[in-house]
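One structure is given here, and the rest of the page talks about it.
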Amino acid sequence: MAELSEAMVQDLIRAEAKKALQTGEVSCVIGWTATRFEDRTKPYFAQTPEECDMLIWNRYCINGTAKFALDDRYPDKKFGIIARGCDTRAINRMIHDKQLKRENLYIIGVVCDGKENPVCRQCAHKTPLVCDVMIGEPVQDVIPESRFQEIEAFEKLSPDERYAYWAKQYDKCIHCYACRNACPACNCIECYADQYRVGWQGKAADREQNQIYGLTRAYHVGDRCIECGECERVCPMHLPIMRQTRKMLKDINDLFGPYECGLSEEETTALGEFKTADPDEFM
Amino acid sequence: MARIGVFICHCGTNIASVVDVEKVAQAAKSMPGVAFATDYKYMCSEPGQAMIKQAIEEHHLDRIVIGSCSPRMHELTFRKMLKATNVNPYMLEIANLREQCAWVHTDRAKATEKAINLVRMSVAKVGNNKPLHTSMIPITKKALVIGGGIAGIQAALDIADCGFDVTIVEKEPSIGGHMVMLDKTFPTMDCSACISTPKMVDAGAHPNITLKTYCEVESVSGYIGNFEVTIKEKTKFVNHDLCTGCGLCQTKCPTKVISEFNQGMSKRPAIYIPFAQAVPSKPVIDENACLKLTKDKCGICEKICPLGAINYKDEVRYTKEQFGAIVVATGYELADWKKMYPEYGGGRYEDVITGLQFERLVNASGPTEGHIVRPSDGKEPKDVVIVKCVGSRDPKKGKSYCSRACCMYSAKHAHQILDKIPGSRVYIFYMDVRTPGKGYEEFYDNTRRDGAQYIRGRVSKIYKEDDKLIVKGEDSLLGRPVTVEADMVILATAMEPAPKIEEVVQKLGISMDKDKWIQEAHPKLRPVETQSAGIFLCGTCQGPKDIPDTVAQASAAAAKVAAILCHDEMETSPMISSVDQTKCSGCGFCVPTCPYKAISLVEVPGRDGNRKVTKKVAQVNEGLCQGCGCCNAACRTGCIDLKGFTNDQILKEVDALCL
Amino acid sequence: MKSYAYFPGCSMDSTAVTYKKSFEYIAEKIGLELKEIPDWSCCGSTAAHTKNEMMALSLAARNIAIAEEKLPGLDIVTPCAACFSRLRYANWAARKDELIRKEIQSVIAMEYQAKPEILNFLDLFSDPEIREKITSSIKHSLKGLKIACYYGCLMSRPREVTGETDPENPMKMDEIISLTGAEPVIWDYKTECCGASHQVDAPEAARELIDRIFRNAKANQADAIVTACPLCNMNLDMREAEINKNFGRKYNIPVFQFTEMIAVAMGASASECGIHQHFFPAFDVINETLKRNREKAEKLPAAPLPEDPLKSGPVIIGKAGK
Amino acid sequence: MEKILNREEGRFLADRIAKEADVKLYECYQCGKCSAGCPMAGSFDLMPRQIVHLMHLGDMDSVMKSKSIWLCASCHTCVERCPHDIDIPTLIEKSRIEAQKRGICAVRNVKLFNDIFTETIRGFGKSQEVILEGAYNVTSGRLLQDMANVPAMLQKEIVRPELNSVKDRDHIRDIMNKCEKGGAMR
Amino acid sequence: MSIKKDNNWEPRILAFCCNWCTYTGADLAGLNRMKYPENVRVIRVPCSSKVNPQFVLRAFQKGADGVLVCGCHPGDCHYSTGNYFTRRRFMLLQRLLEYNGIDPKRFQAKWISGSEAAKFRDTVAEVSAQIKALGPNNKFVGAHYDNTVMEKEAEGGKD
């Protein structure tokens, strides 16, 4: 099959979305639409077949589409999602976390060759891992060697340098929870950070509370992170949030063997299981 | 508004000699929530306790902190004391001022500072304590015994004699297990059948015992006092209510297949009672062998049965029953040496037999009526080699453990051969002779006196040349390779857990060790208990052992069961986890962390905006939860929490210690 | 047909006349072509590794390295059990430890990746395609001839090197021999050592090993022993008469290469497969079998394989002595 | 002579050999299955089992002086059947190399044969049965050994007078010299 | 807010000890009158797997200089498998903290059985010495964090 041009993919997306909406099984299809800026797109919910013509596909389609499905946890109709590889990993993540049901989703998979988003450079799964229809020719999954390069480089700094770096970052943080809201792994109905519990998590946007929030969040999602980069993309203060979660992934890889999340609904998570033969450093 | 009372104990001079107890009490008075603080010589003594009670009344205290010895020492004492007051026994915290402060430090100032700190920690924690109440769960006064070997029979008889109902589930058509196959039992050499069959009959006739032979446990749910067990009754094709056990069908059945009971050394019909003394003494039809069931031919048994008990259309039946306690007695199987030892001929030679086959050979009710002969040609063997540790103590073949009974039964076999065959010679290849039991060493001595040749070394190869089996070993005491030309070789093969042990373990939610023996709760102090409350074990399912140990363990397990069943209801610890279902997302991450399978996801009604929806949330089974808190740390929202050790309580402790 | 690189080994090139002849006969008949490794050298045999481990690895690896360079992508077959063992050992050691591989590379001053698989002739003849060709070109049946297949140690052990799954009772040769109609017996010395490495330097100790092999073959009613290695074959064949004389035995068990049996069954004459070149007279056994079968005018049926005793329960063999 | 075990000096060597052979000596429980299956055990002065035991005790001296390490046929029957997978052939091989380094050799002829064999390879790149046998018989003094077979060999054209040799003999020589220079092991 | 930074500075170390092994071991150390530094405070938990990584973060935030998590040896857990989870959780947490600039000596985990009183003593002494050498912890400490919210919250306060 000849390589599909962007325009052809866009046509196919529109056609598939229309088809899905015409059957009446699907309440809406989430994809991207144009904005008044050429290099920006925004998420778009097509609710009628006609609206499907608003859907676009270009290299600026960077928003994750999957997490919107959580807006309706108990849907009457199927929720249509135009999903790239990363979006399907997000879908798997949320299905595994029992927040979505596969049968409530209609997934239009699109093979993606990377967007104008830095995280796409480390993309290992350009082909949708789960979908009802797939647009584009599946490509080989390759885990890029650069996956942990940044982490390794950072590890080489001195402890004080590392602390200072993060302190600076958390000084910037405005505690807005955008990272959490965008993250497909942050799918609790009520986040611990939102609960009113004394001593649990301060709400102030100061360095210490931000540190605790940042680290706790990294730990909460670290073993379930699908490396979609939504957290960094949405952060208004440009915090390198993935550096924390990727660090967890790297350690899991080093300690317990090759590890990636969101590849299927059935996988186990590193902190949800153990092996008696795990390395032991606490003897 | 909390009103906390703080009581600092001198413990004679134990605490007071290092810690300035008065200063500690004084400091406690200014801690948040403290309404009263004092110190006293012995808090645990009668007057000490009376003083606390008085203070509770006088100062309207609702929470108590005691600075004394380790909570492991007197927590229960003080809780008991609080039962007689208005204060809930769980509104108590103990600061460990003795074992973890006074006894381990010498600097008075520093020790006192630490003591104050520890008291502050306890005060902070107790401020967040909530009254807890033990709940009572009713107990079904009935026990289930899985496995009808000598272990299961003994356990069932003992429980039944205490007056409780017992059900034995046995997968074979008769109870009896391996013991009835044996000829004699060491070291007393009494006839195995003579001592085991009366027990089988007792079990069959006991008014409190229900035998469920040819049955298997299908599933188990519930918890101590209230297990719900589904029992699968395999297809017998014979209505045992009608059958009188006349045995006519057996004699007329035209099909003959290998007899499991005689270890493959004789044949039995397709409709069969496995052995003469079987309990119940009623036949079943082997559906893989029966001509009627496989090829729709024959049907003789149905025609000749005077009572019309034969039913070819029999179906698998499932019954559900409640039990208060379960005893696992699934026993052992001999390892399949033929696959493990190609160097011993891998089963090519009929005259290389297992110890259990020899038991059948030498047994008067066995295939040869007790004559020791070679299975290949029926000749009486003159030179017999016994090889020990075949499979056992052999990590390469997958088993590193010792099978424990082989040294003794091999000595017994040697003795029997030398006794029954005049002029015979017996060579026993061994690595060590292990006889730790009453009268065992003497038995071994006697066997050597009988003339058995003990050769220290493992056998490397067994093969046949002409009429003889050539056994090559090393006499490691001589340091020389030796060869024995034998007529028959008996292998003391390893015991291994019953084949379906994994299924049983999985259904019961208990654990196995690396060799698949069932794991006891503690190897020394809780040897017949499993990790799961209310489930006990006995006999060889726990590890290889001989009959005396098995029977002793069975009675021990029975006593444990009786200790539960003798109560009408039992108290559960209130310090267990519970879920705040309004916050739970139902992600299920807590589920796999629970070692007791106490957490399940359940559907509850909930709201989504204005809509009524069904939510999935976690729920803790109070009967199963043992209060470890492992699930707590797995929960991201913090909605599953351990009562008595809540996250909030511990965070308060952290804060207080860092203050 | 799949092609292979070929490492004949020193013995195949010199003393193993019958092996060579019979193999060449078969190869020609079935159109099997092996590509000899250019300028191959000795694998190091049993002597090198008694002196110097690196030497043993390097001598063997040199040949594999040449094959990698000159015959890329081909697996290597060798007729000799010792060569098979040494070549495989080099590959095994190099694959196990990258440092060893690099050291070998520097010693032999060649690129060495330990890539090709090393196969022996039994593996080669187990190739379904070759087996098919042989089956279809069998002319005479050797039915009634009872064969003790002797594998020896080097083809079986250690199992992590040889890849043999059942070193106590291998079956490859038995299966191949069955193609000729001959009947492999079940015996117990298939993989016992024949002591070839010490027959020259410690004959007092090693001769006994040969005797035991013949004794067990005889006890199991074998008419002949069949080998798949020039060393095993020569060791047994050359010394049978001496054993008879010195040990007071009356063995009359000729020793063949398995290729000889196949060649004969395919219609080779005695001189074409070298049957007259044995030390211990071998012609009569074959000749009589062929004659007997010809007299019976029996068409060659597909010979059933000996049943696997593990699957079919105990089989009694070698009933009480004659 | 009485041995004082805790003064054995070979402990270091034995441990090193065991480590190189990836053998855990303490695992051996002296069952003797190795010796029982060993085809050469009848001629051994030390049983394979005893070799492991002596190494465990640190008595490398006795091991290196034994005939057994020279008579081992490397058939690997012992390790194949060993319950603990103790690689005795490798222990023996490495002990033999150590013995050679120290000039110890209890069975001269074995070493002789191996030396001649390796020299033949050095010379020709391939082994030469005729030269091998001839040279061995001359040096070992067993002139008539296997000579009874020579006429048959010639008559049946089993051996031919011409010699086989490798073209690139320098390469072989180079490899062998490098190995020897690099120490007996590696 | 009270982090004293005088010359006689003593570190403040929190030890979460499981009730069945390490807490028992610590009691045994007392019973045997073993001596160890005063600066370690033990918080009793039923199982090391109860310890939430947030407790550790909280401790550092509130000014602890070191945190120790102790439990039964793997395989000996009173609750059979809890400490296997502990092991995974805290190997990862330790690395994450180190990555964020906290010296791994400040957060350690150790397996100490009920009979290993001497190991408890040695561990405490060792950790104490290590942290003393590192000096006070100033990372993650809530320097401008207002404790009054908490104080008010703590039920009652002073009457």
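Each chain gets a letter, A, B, C, D and E, in the order it is written, and its residues are counted from 1.
Going forward, a residue touches a chain if its C-beta (ideal position, glycine included) is under 8 Å from a C-beta of that chain, and two chains touch if they have at least 3 such contacts.
As the structure is a computational prediction, the values presented were derived from the model and not from experiment.
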item	value
Set of chains adjacent to chain C and to chain D	B
Touching chain A and also chain D, the following chains	B
Fewest touching-chain hops separating chain B from chain D	1
B-C or A-E, whichever has more C-beta pairs in contact	A-E
Most central chain, judged by mean C-alpha position against the global CA mean	B
Mean-CA-position distance for chain E and chain B (Å)	36
Whole-Å gap between the CA centroids of chain A and chain B	46
Where chain D and chain E are represented by their mean Cα positions, the distance between them in whole Å	59
Touching two or more other chains - residues of chain B	343, 461, 593, 634, 638, 647, 651-652, 654-655
Residues of chain E touching at least two other chains	53-54, 58, 81, 85, 89, 150
Contacts with two or more other chains, residues of chain C listed in rising order	168
Chain pairs in mutual contact under the definition given at the outset	A-B, A-E, B-C, B-D, B-E, C-D
Residues of chain C defined as touching chain D within the complex	10-11, 13-15, 17, 39-42, 44-55, 58-59, 62, 100, 103, 107-109, 153-154, 156-159, 167-168, 191-193, 195, 197-198, 200-206, 208-209, 212, 238, 242, 276-279
Residues of chain E defined as touching chain A within the complex	53-54, 57-58, 61, 73-75, 81, 84-85, 87-103, 108-111, 139-145, 149-150, 153
Contacting residues of chain B [partner chain A, same complex]	583-589, 592-593, 601, 608, 611, 613-614, 616, 634, 636-639, 647-648, 651-652, 654-655
Contacting residues of chain E [partner chain B, same complex]	2, 10, 12, 14, 19, 23-24, 26-27, 29-31, 33-36, 38, 41-47, 49-55, 58-59, 62-64, 78-82, 85, 89, 121, 150-151, 154-159
Complex interface listing, chain D residues touching chain C	39-40, 42-43, 70-71, 73-77, 79-80, 87, 89, 93-94, 96-97, 100, 107, 109-110, 112-115, 117-118, 121, 125-129, 132-133, 136, 140, 145-146, 148-149, 152-153, 156-160, 164, 166-168, 171-172, 174-176, 178-180, 182, 184-186
